[in-house]
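These notes are about the structure you will find just below.
Chain naming follows the written order as A, B and C, and within any one chain the residues start at number 1.
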Amino acid sequence: MLREITIGQYYPVDSVLHRMDPRTKLFGTMVYIVSLFLADNVWCYLAAAVFLAAVIRLSHVPLSFMVRGLKAILFLLLISVSFNLFLTEGEELFRIWFLRVTREGVRMAGFMAVRLIFLVVGSSVMTLTTTPNQLTDGLEKSLGFLKKVRVPVHEMAMIMSIALRFIPILVEETDKIMKAQMARGADFESGGLVQKAKSMVPLLVPLFISAFRRATDLAMAMEARCYHGGEGRTRMKPLRYAGRDYAAYLTYAAYMGVMLALRTVF
Amino acid sequence: MGIIKASKLVFDYIRRDEEENIEETDRAIDGLSVDVEKGSFVAVLGHNGSGKSTLAKHINAILVPTEGTVWVSGMDTADESKVWEIRKGAGMVFQNPDNQIIGNVVEEDVGFGPENIGVPTDDIWKRVDESLKAVGMTAFRYKSPNKLSGGQKQRVAIAGVMAMRPECIVLDEPTAMLDPDGRKEVIRTVTELNRKEGITVILITHYMEEVIGADRVIVMDEGKIVMDGTPREVFSRVDELKEYRLDVPQVTELAYELRKGGADMPAGILSIDEFVESFMAAMGGTEA
Amino acid sequence: MAIKVEDLTYVYNAGTALEQKALDGVSFEIPDGQFVGLIGHTGSGKSTLIQHLNGLVKPTGGKIYYNGEDINGEGYSLRQLRSKVGLVFQYPEHQLFEVDVISDVCYGPRNLGLSEDEVRERAQAALRLVGMKEKYWDQSPFELSGGQKRRVAIAGVLAMNPEVLILDEPTAGLDPRGRDEILDQVRALHDARGMTIILVSHSMEDMARYAERLLVMNHGRKAFDGTPKEIFRHYRELEQMGLAAPQVTYVIHALRERGVELDEDITTVEEARDALLEALRTGRR
């Protein structure tokens, strides 16, 4: 049943965003992140919020899925908020024991929290509307210029895509080996840290061997199917920009314009 | 010369130590010659370690001969400039269904081969459609390979090979890891490709039931061909097959045992119906 | 009796959209020393069932008793159970991890907390049981042939000194000789040591040859339970479950339909040979 796990968090519905070219979404996410770091007043954040809300609506993904990613950064969020809250110099509002809370601190902490939340939700929009494969394709194509400086972009994308295919298989295999060793009396739960680390050997060695065997098999299968690197390769699903992508780029420009204007005006 | 021809083929697996000195050589194929006719269905039998998989890997130029020569569609597999041409013409399906599927979606995996050989996009789609149809997997084209059964995965792998438009498919124990249903599914698919599309099939296996429909059965032992003939010819030599550590289907064995017991049964019976007819004839004989 | 399963139910992903009943009200008893074959189509629940028998999976409903004790009851030691009920997974050689054969086999008994002498003794005995010669003991298990690796892995479970041995398709991927060697060894364990055996296999021919009793699983339920001869009488129903009977069964039934007087319970080649030669001799219809 572990095979049911999907890697990434793609939410399969149909929307303009789902159909958009992955490169457009990647670029959009970058634009949005930059804009969050440019924002330095309430109006900027308001514009960012409106933009995000509009995009979420367009994506047809329920909001609950968007905020799910926040759980993972809750700890980070708390730390950065408290650092900003207590360590910013300025006009004192009140004091808890030796900790001074300043007006500037509250403002910074608030901005920091909003920035982090928007950042996480903003990038979830991308991962929720783009399959891992499309993302890999998009990255390969967008980073294509790096090939000129001999970065193996195609190979890296191929590795990512193969990893995506084999992670669920290896997860299932881990479960199987774990059970097999438990049937031989293994105990993966009790004991101290050292003991636990030791008990992992009978799990990790077979897993590593299996991964290696699969890699050898796969390399042979790929070669048998004439794979010889990215050169001379055609694509079954080449990335092509459509009208919606150009519209998106225009929207990005407009959004950046508004952001910069708000930054200078206020 | 047929589509595949091997002449005095020898292959040694060589193990070297750290200084690249030869530590051990293991002769997997020992002076084997064979000629396979285009469009035929050839089954290769043999126990583990008989050299049958090694032979298979020569047809796809994954291995090249230590001695002797292998020609595929007239091309010498040792000629490095022909490697991709050879692999395009002689596709290969391996044992483990998981370890040969590259794509995360069925149709993308089928398109992988054509992508590699630079087929234009529109043509790739056409080939993928045709190949999926040929193996009966069209309904699963948008699925993740992880959600398919073993037999279905092997059919996807076969489609992936078909999309290269090969003249010949080599299947290296494609059913060893499947359940009986999956096994039947794969054999049915391969047989159909051979009959309908005229693809030359080389099926490597140790399941006897799978070779009954073949045009020719080759038995290997210790890197040599020790038996070669139609299924009926090969299966009429039950004792010899057992010597080579192989099984025979129960009906074949039963008919053979009856013959030994003095019954008037023909040699090399392959199916239940055949057995029943022959036995009834023998019964009639005793009556008369 | 060694094992008693009562109304066993197991549900995957309970309460989610992916909810799926893997086992549905399965009950049976297996007395000490029986050789039981477990058959069923892929996904029929047999793998889930055997994992329950040594406590690797907790039932959603129902009880499992080993020697009268509820194995999921409070205070029951699962580790103790796993030493009594050995489970050999499919492709068990994939769990090998040690640098040499003997150390790998020692892993199980060592987990039981035995003294080092006893651990080695048991490992050596187990390796002898599976017919691994002494010259292999200090070799890396990864340099052995497929069949040998598998025997070492089975020895790894036998070294726990189980009373019950469960094997999940122990012959998968082996050639006919490898298959016969493994199954003959399993039969020897049963015959000589009185071990209870539960064998999962897809091969009806093997089942007819080795098992005393067959349990047939279908869609998470127990479909049939009886001797191989009884079970193979239902060959038409078995086919509907994606299973089959041995080829010999089909031959016998076809001949009976053509009027040849034969016992319908013939399931092996040897039995069929004798019966058919007899029929030819007497010419009886």
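Here is the rule we use: a residue touches a chain if its C-beta (ideal position, glycine included) is under 8 Å from a C-beta of that chain, and two chains touch if they have at least 3 such contacts.
The structure presented is a predicted model; accordingly, all values stated were derived computationally and were not measured.
The set of chains in contact with chain A as well as chain C comprises B. Put simply, the chain farthest from chain C by mean CA position is A. Mean C-alpha position of chain A lies 44 Å from that of chain B.
Taking the mean of the C-alpha atoms as each chain's centre, chain B and chain C sit 30 Å apart. Those residues of chain A whose C-beta lies close enough to touch chain C in the complex are 1, 4, 173, 176-177, 179-187, 201-202, 205-206, 209-210. Residues 3, 131-133, 161-162, 164-165, 168-169, 213-214, 217-218, 220-228, 232-238 of chain A are the ones touching chain B in the complex.
By the touch rule above, chain C contacts chain A in their complex via residues 12-13, 18, 20, 51, 54, 56, 79, 82-83, 86-87, 89, 92, 94-97, 107-108, 111-112, 142, 156-157, 160. Chain contact summary for the complex, chain B toward chain C: residues 47-49, 95, 149-150, 176-177, 179-182, 206, 245-247, 249-251, 253-254, 257-258, 261-263, 272-273, 275-276, 279-280, 282-283, 286-287.
By the touch criterion stated above, chain C contacts chain B in their complex at residues 41-42, 145-147, 172-178, 202, 205, 242-244, 246-248, 250-251, 254-255, 258, 260, 269, 272-273, 276-277, 279-281, 283, 285.
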